[in-house]
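Read from first to last, the chains carry the letters A, B, C and D; within each, the first residue is number 1.
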């Protein structure tokens, strides 16, 4: 462990925690740098901007890589368990923020590095992880975790629906109306079932339009299912700070966190045990 | 009935149940084969793939038909009531997995058999029907069953809306703007009301755009109806029912979930226990 | 009033009620005729069908007008209060089913009569008004009535949003990108906010696309509002058969319909009054 | 303060309040004038209308400016604290209703003034702020305020999603399929995730269509999140809070809504009354 009040210890508070003014200021600075680096990535992708300011953008990118590199080394240095940090989710994200800059030394035209540079945005969540937001995000995560199985059942049903409808449309409409293969039909079915409706592929035959109508009404109706699942779980998660121990007499199983007696039957939740011996 | 520990009995456990390691392995193998057969169907529908690998795909299709055929015969053989199995929902689905392969012996260019081959996907639900998923799917089904009547009322109202709006648009916009008939107008109304919005037919006249705005806002608002119905039912299904404990004095046996006293005779449902000692 | 067991009385039971086999059969026949007349209207609007079968469709339309006319006269005849029936909602709908056929005697090419002919579909609701559906439709109507004021607040907010966003886009994008006037901009804002997205008018300038993104995320988020309103009201409406009298001691105000004592505190809901004198 | 029954006092009641017939009539007249001025702004933006009636529209706009100007001066005059009114939200909105008319004296072709003229619509909310609507709007605002933090977490997640997906599509599809820059990709991702689906930019490559399908299914599923958040909060806002009655023995004062016994000391919250007589 780290000796208290050491330099590393003080650094750890600033870099990893946010309940001190210094820690909060560090996080805010980092947030601004992350957002700035994202803006640079985006502007650099605009053709006209790139032609004019390519040099400036490359310079800024080098600067950001440097800053993130120093930050990564600091985190490694002041972390009590550097290896555990390095392989944690945020450790990997922090590393990914440095990698693209380094890789461009070797590959000059690495299009796919762009995505890694955008992944930096995930680091915002580290900063969001503070104060009141943490609790709210936990509610959302608890609701999502609680509804995981129902959502898997739902997604398998939706996948089956779009596969069957996609194949059906491929047979009914055929390649001459844009449904050139079953995967294309499935893509169309997803576009339609989710009510996105790009309009790049549309049914032309009367039978195809009847099937489309079915798909649309299905999609419009079953959107209720994930909503219902999630709402019910979230309501449970928000009520969920209660004491879950059942009353020994009436079996009521959700009590106030501080309860000593059941509020339905008045019997003690934790009867006093006879003294030993 | 089948004699325990016989060969058929052991086969039945492997093929139909999934609480043994062998049964689970059998189901997983089947799942992979089903997915593989689906992938083959899809790739085969892609023009360029079909031209190059038609022979391979036909061979694989024959293999899958063989495997599913053997599986079907095994299920028939080890089922305690073969006829009841054969006419059950899954029995028919299992048979349908074999039919298309056999039919291609007689019809060489059977486009519509494609759909039957895709229907194999429904067999995934047999495998999903295990462990924790079963309970979750039951919640969903209970909620859907509970809201069936409300949903029928809702669907009839939606059908009436799209018919009247479709006819209105046919009269207002006319064939020169793509609304060539009332069924086409209804198709447009469904596309619009469900917020899919392909854009293949769009209103051009000011009056048509006003009516469209009405349809869109209606569609946007009434999406609340199925969601509300389903959420309310799902919450009921998950919360369970009334307290079933009978009153110790008057024996009334269904109470409000939170009741502490009988609402008929006023006596406590859970008399307070004498203190220990 | 009508003398029991008279001919008119028996006709009234068949025509207006549906708890006898004869009444149910009458309703089912009517349902089929209404649907058939709708199918004829739709097919007649298809150009190729009209050219070939115009005579047949006109004949059928005459037949339907005759049937609905006889039915209307029967209803008038056997109704205990014919005038009140004639001016009731369903009385007007029943009359509208006859009118278009008669009017075509005078106007040969009455396009707008088409809509009146489609309005016949509303008559299906008369037939739906039976058994279990009635109660469910009442739940839905109660929930809609209960949320009326919240929905008006919501619709005024949405109208303000689309007007301001529509004017903004008219100024930002201008007539050269399809936003030819403020009403057109409002039409676009409705198409976008409701997530329909036809794609007939789309933003082309960067600023326009930023504003569009705002509109879309707003629309995607506030769809939660009507859903939330309706779900909360529907849950209340479904719980709503309870006794609403508050307990005189603890003021709990929702009890089982049969309750005599409060299920929270055990005190009588209706204390016995001292005898008079 | 203002002397009661003075002329200013009586004017204040008419102009600012709406519980007298005169006040209500004043508000209704104002509502009609606001709507009329909006209609004029809209019609004036239609090219053909503008060409023919430009003079009439300018005259009406002058009239409306005059009316709103007089109204603004009246409000300033009869307000007990004129400065506080002038800097309140509605004070600024009221002033904005007059400004565009005055500014056109100096700028003849001020396109952007159009938006200020449309902002007048916000004044409708002042008039809506009456009677039963106030309470309903408060429920909605309470639910929105209660879910603010959850919604921020949600919006940050959505922003991250659209940024990463937008960059991914820019790399996968490239400028030749319309994804000319990362911001354009983000615009597309928002159009798709919110299920709007204009169809002005659509994926053409198979990989792009697979990613699109992911985006669409994500968007379709996470629409459940804001709905769930809002519904849960609205239900809480409408159900009200815990039972506030203090326990007669230990004085604990916040209990579960259905509590019959104190959960700290086990004594009944509502002791049973002695029977009458």
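In this section, a residue touches a chain if its C-beta (ideal position, glycine included) is under 8 Å from a C-beta of that chain, and two chains touch if they have at least 3 such contacts.
Being a predicted model, the structure only gives us computed values, none of them experimental.
With contact taken as defined at the outset, chain A and chain D are each touched by B, C.
Steps from chain B to chain D, taking the shortest chain of touch contacts, total 1.
Set against one another, A-C and A-B show the most C-beta pairs in contact at A-B. The chain with its CA mean position farthest from that of chain A is C.
The equivalent interface to A-D, defined as the listed pair sharing over half of its contact pairs by residue number with it, is C-D out of B-D, C-D or A-C. Computed centre separation for the pair chain A/chain B is 28 angstrom, with centres defined by C-alpha atoms.
We define each chain's centre as the mean of its Cα atoms; on that basis chain A and chain C are separated by 40 Å.
Counting partner chains per residue, chain A shows two or more touched chains at residues 183, 186, 195-199, 219, 223, 227, 229, 231, 235, 262, 264-267.
Interface of chain A with chain B (complex): residues 149-150, 152-154, 156, 159-160, 163-164, 167-168, 170-171, 175, 180-183, 186, 192, 195-199, 202, 206, 209, 212-213, 216-217, 219-221, 223-225, 227-229, 231-232, 235-236, 247, 249-250, 252, 262, 264-267, 271-274.
Interface residues of chain B facing chain A in the complex, by the touch rule stated above, are 38, 41-42, 45-47, 111-112, 114-115, 118-119, 121-122, 124-125, 128, 132-133, 136-137, 139-140, 143, 151, 155, 158, 183-184, 186-187, 190-191, 193-200, 219, 223, 226-227, 229-231, 233-235, 238, 245, 258-260, 268-270, 272-273, 276-277.
Against chain D, in their complex, chain B makes its touches with residues 195-199, 227, 231, 258, 260-261, 266, 272.
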